[in-house]
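Report on the following structure.
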């Protein structure tokens, strides 16, 4: 299905990048996260264009359904919603920007340089069935490990975020106001 | 082609006929558009019918006539409502975050409509016969939460925000049992495609169909699915997010006019789609309940079942009191989740115990035992005394 | 420019933006968001390579890689946000420039 | 107790009972461990655990007994052993193991059975004690240790269990440690037995040095099997003793310590401070018997080189010590007023009898008396316990009397025990066993001394038992309040024991000497020595004489309470100390000849003797070493320290002047340079991220450059 750069691809990638840029530039954290979710949706669409249905849906389910919500909750819990009272970009942001740009340049340059024109082969038969059998046969060990990892992460996150009994933390230095 | 089959496939033939009027290169697009339009038309209509059904049904349950002014027996009530909500002024709070406030209902409705794309309404009647259809549905359903959050947060109102938070917490908690309980059907069918799942249930022994609900794991899964679905769609007894007594109307308190209507639509469509999937997964989709009733068109069966499910929901709403937040969460994590997980295991056992009556005994016994034990442990810490009316008399 | 290159460049862009977010923004949560973006860019790369690899038809490696990394990213997000919340409970801030308790 | 190695359990040559013999001691020990974990108020559980454990051991013991019995009837080898390496000391190994032979089997059954009865009894006796669980923990630990001693096939293992037994007896005697008398008694018992154990250990080491093994029987290679014995007989030790004899004597010292032979008997009477069941279990039935059993176990070692007409020096020593102990105990017992002390001293004397029996008549005769004595002495002690229990913890016999009506069952059983102990003819087991010993002593080739002593002892035994009984059960009631019969759980064991005290006799009659032949695992043959009948007649005459004398002196006119003010009526653990207290009953013999009486009542001043000699010596030594420590060593140490102080001071001054200065300079430089680097580590996470990014950038660039250099990428 993919020969040349399709119009659909251009639109989706534009949406994706735009969302990412917005997430980078907006002041309001919640807006940032919403834009981020736009980006994530765009990425999911890109996956679909790459015939990776399962990955795409997984992307939507995990990122938009869970991670975005999680981030939003975190923002609300840390009272980060609304315009922050302090400058929202760190000092010496210029340097960072330069670094990011440099890395982008490097990558693009490498990409453009290193690929001879290759058209895509036939759409790979990535049916859910094949993925499932692969998960259960070839990738069973990684699967188990990921399962354990997720469990541990879940418990760990709960324990970390659990308010420790008694003194609810000494407030050291108030955020920002320096 | 016999009359029965033609009746069964009437919409398909219609679609093909209309598409035939167009030039060849347009036909795929036209067919898709037709299907979409059909869905966009059919389900809102059902939504309208549902509203009036619900209001009248609830009225009857509460010893009052429901709406009975507009049209004969108030049949035209939804039309009136629609006109009213369209003509009302659209109020946006001053401090509200305008863009998000505007986008929220759209996102909701879009997401919900997307859900119907993989719902098999009848034989060969599914918009996209996707290989990972069920997965798609759940992914879309997950993104509904984001829209709810947008609605609650953007309207700068503590009731809205609280409602949104409650709704999201509840939906996330119940998404897990919902998924797990539907996975059993997938396990047994061996496919995530909704059409395949329905076809797997289309057989008959004697006059009785091979619906999954008629197996131990299927029954347990169905019950869990129904409960989780109630919670997912914020229907009572899980309608805390819009508990009128506590938070005015939950996350769409600050919505009015057409946006409010959209939310309303979204909610009911969500209910319809999830009910449809419940039917697809456990009640044999568009299959006939008895072999000798096969002459009735499949789509008709589907919609009959859908209405039955809806009336069940309405009945529950008229019957059950609202839960408390902690009860809700406890129930989700301490009962639903373990039961669903156990149900997975049981389904696997069913698959590997082979044919024969033993597997019926074993699976049922295991599930019943788990049900009783879990119920015991869950109920132990709640002192359920006789209800006390402190301010009565 | 080949389709693959296109996907890769989009990925590179997303990655760069994620990096920029992680480097410039002061809010810890946003930094996490940036990291998520970078992970997603990597996933896009993986899937693109998988799709365009000559023997994509019979091997699923790239996509599997992506799926696993999605799962891991979810865990990472959970833990990271938990940490941020815990930190916020102690010192009422999520400002990275203010997180200097470990300074010598 | 011992971790049975897998090699053992898979060894199929031995029968299962032998392979699992280790369970017999292990189970009570495990029970003890479990009880130790229990909380204070879990009395029922504790008792159930202990009794259950010992009951299990009893079942096993009985099956073992049956096994040996079967082997004996089949005429097969009745001794089976199992041994395994415990420690590998280079070339040589320390081996542990257990054995099952008639001796062990009989002892096992006796100990488990009597022990079980006593356990049951104690549930009633200790009912009101708040340390119930602790008590049962100790009891079953003790039982485990004792059983271990019995089945041990290796001196080493035997010694371990021996020490466990010693420890538990210490714990149990001092069970009521809040009573200073009990505490000191416990210490006394522990130390006194230690004295013996030192010799015992020396003996073991010597034996190991000589024979290279501590196993008794190891099919031919054991330490007390002919091969080793001949080797041991080869080496002469001091005073014409062979190595065998010397080792035997050393071990006998240990045995004497445990089973209270002169001069190590002093702890035994004081041990009566412990709860009565303990006295019954430890100081009547089992532990004191352990010494005798030990001697019986190493008998070949002592008897090595003894011909038919002759004997060895060690055996002679044993015989004389035993005989002296027997008479001594009997004499002292006459003049005691504490019911339990009387029994204690009679135990001492009976142990003496056993020793004599072993020395003169061989293993079987001594063991027979051991068994019978275990039963009737346990019976007596439990009876005494029941009396004490029923008399509100009154132990002074002068404050009892006329209990025959108040506690009929106790009275009957007690008098059965009494008759058995004093060897009433024909019907009672004591008669047969004791008579066998007397007969053996009579036909002892070396000298008639022990015989005379034993005869006198027998007379006295009958006398003091009669005295005690008439004090306690006859005469008029002289105590306070009102006595009551003990509960069922206490009287049931009494009656059971009474039955055995009567019935056991039939096993050892000369007409059908089942026991003897079983122990020596030979076919039963009625033995008939010349003059045996005459001997029996004389001894029974003596018994009658003793009983009659006792009755004449104490029971003919019932003892009544002397008229006196009630405030003088104070109970006492040590009746003898207050025997001269005003208003007490004055014993008939005392009025007859006060001097002898006082000597007897004060137990020949043994304790005082030890006070004067041993303790003084120790005190002096302690004082001296203390002085040495303070003055001499202390002086040296303080001198050294002061010297080092001076040295240190000079060092310090040097340090602070020179080295510190240099060091500080260096540090300042370091600090400055560190400050230069510190901004990198300014604890700003974005900073770190940036560093990371830069590094990645650099690496990627480098990779690209290299790749282009190698022509993989067209630049």
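Letters are used for the chains, namely A, B, C and D, taken in the order the chains are written, and counting of residues starts over at 1 for each.
Just so it is clear, contacts are C-beta pairs under 8 Å (C-beta built on N, C-alpha and C of every residue); 3 or more make two chains touch, one makes a residue touch a chain.
Note that the structure is a prediction, hence the values are computed from the model and not measured.
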| item | value |
| --- | --- |
| Farthest chain (mean CA position) relative to subunit A | D |
| Length of the line joining the C-alpha centres of subunit A and subunit D, rounded to whole Å | 77 |
| Mean-CA-position distance for subunit C and subunit B (Å) | 34 |
| Rounded Å distance, subunit B centre to subunit D centre (Cα mean) | 81 |
| Sites on subunit A at which at least two other chains make contact | 54, 58, 66, 73, 90, 96, 99-100, 103, 107 |
| Subunit C residues counted as touching two or more neighbouring chains | 19, 23-24, 26, 96-97, 101 |
| Residues of subunit D engaged with two or more neighbouring chains | 686, 690, 693 |
| Those chain pairs that satisfy the touch definition | A-B, A-C, A-D, C-D |
| Footprint of subunit D on subunit C - complex, ascending | 19, 22-24, 26, 28, 31, 96-97, 99-104 |
| Touching residues on subunit D, where the partner in the complex is subunit A | 686, 690, 693-694, 696-697, 700-701, 704, 713-715 |
| Residue ranges of subunit C touching subunit A (in the complex, touch as defined) | 1-10, 12-21, 23-27, 29-30, 32-34, 36-37, 40, 43-44, 47-48, 50-52, 54, 56-58, 60, 63-64, 66-68, 70-79, 81-86, 88-98, 101 |
| Complex contact set, residues of subunit A against subunit D | 90, 95-96, 99-100, 102-103, 106-107, 110, 113-114 |
| Subunit C contact footprint on subunit A (complex, rising order) | 2-6, 9, 13, 16-17, 20-21, 23-24, 29, 32-33, 36, 39-40, 43, 46-47, 50-52, 54-55, 58-59, 62-63, 66-67, 70-71, 73-75, 77-78, 80, 84, 86-91, 93, 96-97, 99-101, 103-104, 107-108, 111-112, 115-122, 124-126, 130-131, 134-135, 138-139, 142, 146, 149-150, 152-154, 156-158, 160-161, 163, 168-176, 178 |
